Amino acid sequence: MIDPLERWRALGLPDKPDYAGLLTFAGMPYTQDPAELAGVDVAVVGAPTDDLVSDRPGTRFGPRAIRAASCPPGPHLEAKVDAFAKLRVVDFGDAAVLPADPVRTHEQIESTVSQVVEAGAIPVVLGGDHSITEPNVRAAAARHGPVGLVHFDTHTDTGTEVFGVEHSHGTPMYRLVRDGHVDPARYVQIGLRGYWPGEAEFSWQRDRGITSFFMHDVRDLGIREVVERTVATVGDGPVFLSVDVDVLDPSIAPGTGTPEPGGMTSADLLWACRELSRRCELVGIDVVEVLPTAVGSADVTALVADRVVREALTGIALRRREADGRT
Amino acid sequence: MIDPLERWRALGLPDKPDYAGLLTFAGMPYTQDPAELAGVDVAVVGAPTDDLVSDRPGTRFGPRAIRAASCPPGPHLEAKVDAFAKLRVVDFGDAAVLPADPVRTHEQIESTVSQVVEAGAIPVVLGGDHSITEPNVRAAAARHGPVGLVHFDTHTDTGTEVFGVEHSHGTPMYRLVRDGHVDPARYVQIGLRGYWPGEAEFSWQRDRGITSFFMHDVRDLGIREVVERTVATVGDGPVFLSVDVDVLDPSIAPGTGTPEPGGMTSADLLWACRELSRRCELVGIDVVEVLPTAVGSADVTALVADRVVREALTGIALRRREADGRT
Amino acid sequence: MIDPLERWRALGLPDKPDYAGLLTFAGMPYTQDPAELAGVDVAVVGAPTDDLVSDRPGTRFGPRAIRAASCPPGPHLEAKVDAFAKLRVVDFGDAAVLPADPVRTHEQIESTVSQVVEAGAIPVVLGGDHSITEPNVRAAAARHGPVGLVHFDTHTDTGTEVFGVEHSHGTPMYRLVRDGHVDPARYVQIGLRGYWPGEAEFSWQRDRGITSFFMHDVRDLGIREVVERTVATVGDGPVFLSVDVDVLDPSIAPGTGTPEPGGMTSADLLWACRELSRRCELVGIDVVEVLPTAVGSADVTALVADRVVREALTGIALRRREADGRT
Amino acid sequence: MIDPLERWRALGLPDKPDYAGLLTFAGMPYTQDPAELAGVDVAVVGAPTDDLVSDRPGTRFGPRAIRAASCPPGPHLEAKVDAFAKLRVVDFGDAAVLPADPVRTHEQIESTVSQVVEAGAIPVVLGGDHSITEPNVRAAAARHGPVGLVHFDTHTDTGTEVFGVEHSHGTPMYRLVRDGHVDPARYVQIGLRGYWPGEAEFSWQRDRGITSFFMHDVRDLGIREVVERTVATVGDGPVFLSVDVDVLDPSIAPGTGTPEPGGMTSADLLWACRELSRRCELVGIDVVEVLPTAVGSADVTALVADRVVREALTGIALRRREADGRT
Amino acid sequence: MIDPLERWRALGLPDKPDYAGLLTFAGMPYTQDPAELAGVDVAVVGAPTDDLVSDRPGTRFGPRAIRAASCPPGPHLEAKVDAFAKLRVVDFGDAAVLPADPVRTHEQIESTVSQVVEAGAIPVVLGGDHSITEPNVRAAAARHGPVGLVHFDTHTDTGTEVFGVEHSHGTPMYRLVRDGHVDPARYVQIGLRGYWPGEAEFSWQRDRGITSFFMHDVRDLGIREVVERTVATVGDGPVFLSVDVDVLDPSIAPGTGTPEPGGMTSADLLWACRELSRRCELVGIDVVEVLPTAVGSADVTALVADRVVREALTGIALRRREADGRT
Amino acid sequence: MIDPLERWRALGLPDKPDYAGLLTFAGMPYTQDPAELAGVDVAVVGAPTDDLVSDRPGTRFGPRAIRAASCPPGPHLEAKVDAFAKLRVVDFGDAAVLPADPVRTHEQIESTVSQVVEAGAIPVVLGGDHSITEPNVRAAAARHGPVGLVHFDTHTDTGTEVFGVEHSHGTPMYRLVRDGHVDPARYVQIGLRGYWPGEAEFSWQRDRGITSFFMHDVRDLGIREVVERTVATVGDGPVFLSVDVDVLDPSIAPGTGTPEPGGMTSADLLWACRELSRRCELVGIDVVEVLPTAVGSADVTALVADRVVREALTGIALRRREADGRT
């Protein structure tokens, strides 16, 4: 394991400038060695792949951009907890993706995420296009059994095919439910809008009891009520949190492949991710569809993607603190 | 008429990728032949001109960018109607604009829009700068008589001149009211803010009974109340809907020539356009002042302009469905 | 003094296009001569420096960008006052900054702002990084005594050091309070969020009675209540207004060095600046951390920074009008 | 067939502004109907696909960008011939690409190009990534037998696999030679440089008699000598011309996925394409790896790609004129 | 007159950072007062207008961008002369352009340039689109009689109309020759290429004895021979130098409205401008068609436009020094 | 030491996609531990700092961008050697830079480079602004004694001060010669042009016997002659190679702080770096003033900077091979 802060710590500094030093998530220590995951609470994994997109590609640059936009540890000014002080977080590197070979790429992602899961840590996977949720959840479900899913997105991603292709960033949720890795009764979609999919997909969803909060629901109910209902729906078992940044309005997350106007505010999404992570038993997280176009913190989409992860980690840290308090 | 989907339909697919095939609005069939407008409900016309702007030019690239950002048909996830299934929509191409000759350009725009109007279809004109509303409305009023006008904008565009020029993107509404094409009692402005125009113009507006909702009104009353009052004001007759994308906050529509902070959210604008189109008798639509700087769906301003049109078409489709229900 | 409008006035026009003529704030007359400040109400000063930033640099281009984005005078459409008609405003040029020499640069900024203050005008300083608030406030306090401070920002900027450096854009507020130029009992922070600073700094703040409104407070209380409490806290004495544009959400102000998702809306910030300027006795203003990347009005961050200044000037004009009314 | 110039011709104008009217290559008539290819000399086909790239994706936007950058007909100022007056050119639209399905996409490209070839016209295929040369040449060879190949590129694209993938933008030339569609004795590569491929691939090439001009050869010999030797090598039979824009220096063609410094000048490449097209019997052309990032003529890479096609068409027109002269 | 260096000179510094202080060309003193032109050798005038372009607009931002890109005085490292030490140069501000009113705009440009000419100074006009050469040369010819013209450009700009418009950026040279302001026998065009204009225009040019060096001539003859022949052609009388930056290759000057691949290198253009200015009797200069997209020195097109002016000024300074040496 | 290729090697692949895996130079193994430098031939060090620039900042993002643009190992297609096969290269990480503290930052750079030098490896330092050459050369000279210097640059960087500041990116070469770390008789500057510095600095240089090749010399003599003379001048002793990317034309390296038109071609610079590295005894290399604005290989300046390093490594590898051949 290599600690990027080492040279700065030698100067008596607790931190390093974001733009300097080894590029890891939040400046966390880096390892590629599964043996070093022992005792780790959270391991960040990159899945830089976009072979299965149906519109603008480029999310293969997402993991690197999110790491470059990620800010150093520190106390969450509202939640009053420093997730990195409470949790042991490492950057476990990228899965061994292969350009133009999505099948083997997904195998590699699943294998790498499985190493995290097997070590007892929570995987945080940085995408990459949304198709990666299939190997991510598969790895989690292999250990925890069928998981609940909280899914922030413009689109349901429950198509059986997109442009005639079954293996696509528009079909992972269909495949995960179909294959029994996600429990549809504990599957909640938040932020749906736009013009896809159609009645066939929604009918399929209804038949399985999948819960959907459309953007007009979010506006009408308010994010707090949506989160309450989501918590009630997913209940106590293991939950995977999947955030497609296109759930945000394009003004907030322009760097994504299929943006759709009328989306969530970052205040709502960030709070919801923290609160859900505090109240649910998260067994895995992914943040996907970041298509960066700018350098470092200038990339606002990678920036908000980083903060989505931060809020989730903060929620997990709060949950641990509350658990500590109960014991 | 040429259908861009043809080659994909031969593969059994109902749609094509946005980035492929002939560039038309939403992949709709293309014709330049007025004879083919028979039976058409809505015809999209491009007006790629920006000779009359007073600040940053470039909206001549707007129509092409909106077409590139336009997404394929599908059911509106909130309104549960697919406008393109309910309505027959075609792309009627661009008017024969001439660079550096705004007079003849406007003649050509009016002539092209008139062909749509004469065919009994609703024209949707993609700008171009806001001066095009003059020929657009003139064409509509030639058939329908003086029209009501619902006008989303930062600026009133009722100047008598801008920098000493009478033919400008800051004067079309003055000219249309002056010339009797717009009924001022049925003219509603929504979203005004900033520092232009001055008391003289507002006094002129008040004298004619023009209704203005400033941005602070939108925030204080809420968009639902503003829409209610607008519907009440424009009443039952023919109405033209003109949307200057600078009514949106610059965070949402940065690609425009005279952005002004403190504007509308896309959620409000999109809902309002749908609702107004459902409840008013629309005889024409334009969406103007899109100044694109990016390719395809990466251009967030063209994207939201496309969705403005979509919501209006959705509203028209709902209105038709409701009318069907009544018969 | 040179008036950029001169050649247009000779044509009978009250204004000039934003992109033409001498580049001054809002097209105001330009002078570098302190003697010409007599009778001036407000003098704009540029402080193009960014030597003390800890992340992305480039705010040295801020003053020029804000001037390029600034729009001509005109009546505020909500407040119904034209600040430039009510107040005599000049552009006093840039301080004599020296690249890579922040100490002498700050001396020059303080000296230039002092000339404004000594002339009895209100300085409006365009940054530059936030470290410039130190010379700005020092110049104001030299005349007015310890000032109240209304400080919009993501960060408190009350660190004792940043990466081991005491002279930084993260420390000016600490230094100003420490040195007695800001009265901590009359110091209000609005918009705090993110992960910096830590408990040590907040403890120091609490000990001195500094008031902080975090972003969650702004959302929970509403901006009107926050402004009420701020007015109550700063009371009647001289107040400095310091606006770091990173208080805004990155969707609104992407052009800044350390953006943080979840920030203020422009509607809230602009209204608050106007209202505070109307109700408090402002003795100086700065707007900082604008890192422009686009030309003219295409730079949305410089644009909103300009409007921050406009709203403040509008508030000052309203205050003068109210004072006139009382006499 | 639809002629985009129609509305402008009605005004007595021979042309239309580049940014207006139906988006076709050089404003040429558009058809999707193979029956309308009768009598056509050259048909432009788009192949908007990039599923097989190994680095930066985005060339799926290439065909549209090249069309947007293409300028209207006119006499070549050096060659004194207007290719569009001499040749009948149409835009035959895009092949029915399917995102994330490169196998069926290639089938569609081959099928569409075959329609052109069968009609006796020369196909000009706009990519897309370089893998499309496989279906392009296959279609040509199906009619003409094994073809000669003039191949401008940084890379040989004769890998057997790239990152373990056989179907890649780095392998088409290997596959075409292997499968007998390209005659290696009549295959010339021009512009090679950088660090790929290795000795194994070059050894394979030498064994088959493939001719390579590296960039240092181009600089040492001069482009005229390189072209002479190329003409001598490919001889009299049918020749396919394949131009990867990354053969140009990245200063000239920055919009490409795998740029390599030290490349050709546009003067050399443009002249060579014209001269080779004049002297060889071209049976097909492709221009690939344009990854656009800007709008219209602002995209310099799409611009130079358009001019590559223009020069080739000019060369073909010269060849026809010379042939006319001989008869 | 205001000297932007004043505050820095007070610190003992001969210069100021490019990004700070009043924005003038090369930091030169600024005046709008014709009376202050007495004794001035060169006066820079901005002509920020682009109403007459036929493709991409935006050159109205050119003058400001060139000033922002202009570097401080200093000795030319090859020519060993500091033009600003040898010549008295001022920035005379922008002409009073009016958006959307090219007729009055041109009157204002001519009037402003005339003031410079009348004062005995050489005007250097920063465009703006190329149509401004008409008022520029008219002003020069009014004093000096018909002038010689050295014209660097992709296009001849000798159309009688463009898209049916006579007043266009494609027609100024036709109009100037037609109206007797340019002596066609002393008119030299350098850098022509591409596909416009056609035989009619070239025939008109030949009839009048206009000399054209196409880009292939420049490559074949070498820039030194082209300059020699140009000097011989324009002879001893007054000469105007007009540089359209699109004469450069788009790799060097991407920020222009109608770029054309295969253009001049900056080394050739810069040397030629210096040499021609040294050997000819320049009575005016313009640099046009700069369409900036970036801030400050990041805009490479504005940068090279500034250096075009610098080389011309250097040449004038050398000419003066040589003249001094002869006396 | 961590090898980024590990997971791909486990798949039997010799390489990884550039955009995936731990971000190191060319995918080389990473270590921060000086003990692991034993046996290493070349160690890459990042120096992400730009506190001492006089114009546009941002080179602090340079090292990360160069790593992101760096391509995997492979045989140089002209030189027929794979530097990474011949040499053992590691990425030694970034020096512990401190924003806004250039003094301590330089100490850290010197210390980190010294560790490389002490280990007997050649340091390749990625800047960062040019001021870093001072600690870089100091570290080399501490071991090797006064070094020869081959310095590619637009500017001499031999000022005694810039804007009154002695510690600047315009002064390192003055300081290194003054302090005896560079032997002026063995110091060669290549590529000088523009307007800085003045006679005083050149006089100082001449007095010390420093050799300068201006850009006009490079054009007149040709790069081969310039390299011959340079080799002759620096002779046999230890030589440091310092490449400021602004020596290239801005068309090739637009991403730099003080670009100057009329610069070197990449073909010339790349060849010269290889040849000089082959023929001289290099003891250190730096590549500076890369100011990235784009992601990954889209940043053409970082790309060419990477290739500068590659050519130098290739030259070193050739030198080793030749030395091997002699033994």
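Every chain is named by a letter (A, B, C, D, E and F) in the order it is written, and numbering of its residues begins at 1.
Going forward, contacts are C-beta pairs under 8 Å (C-beta built on N, C-alpha and C of every residue); 3 or more make two chains touch, one makes a residue touch a chain.
On a predicted model such as this, the values are computed, not experimentally measured, just so you know.
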For chain D and chain E, chains touching each: B, F
How far, in degrees, do you have to turn chain E to put its CA atoms on top of chain F, rounded to the nearest 5? 120
Using C-alpha centroids, which chain lies at the maximum separation from chain E? A
CA centre of chain A versus CA centre of chain E: separation in Å? 55
Mean-CA-position distance for chain B and chain A (Å): 38
So what's the Cα centroid distance for chain C and chain E, whole Å? 39
Touching two or more other chains in chain F are residues 11, 13, 17, 19, 54-56, 60-61, 98-99, 104, 163-164, 249, 251, 293, 296
Between which chains does touch occur? A-B, A-C, A-D, A-F, B-C, B-D, B-E, C-E, C-F, D-E, D-F, E-F
Chain C residues touching chain F in their complex are 50-58, 60-61, 98-102, 104, 162-165, 167-168
Chain E partner, complex, touching residues on chain F are 54-56, 163-164, 192-199, 214-216, 219, 249-251, 254, 257-262, 293
Of all residues in chain B, which touch chain A in the complex? 11-13, 15, 17-19, 71-78, 82, 249, 251-252, 266-267, 270, 296-298, 300, 303-304, 307, 310
State the interface residues of chain A toward chain F in the complex, per the touch definition above. 2, 4, 6-8, 10-11, 13, 16-17, 19-23, 30-32, 46, 48, 60-61, 63-65, 68, 93-99, 104, 108, 112, 292-296
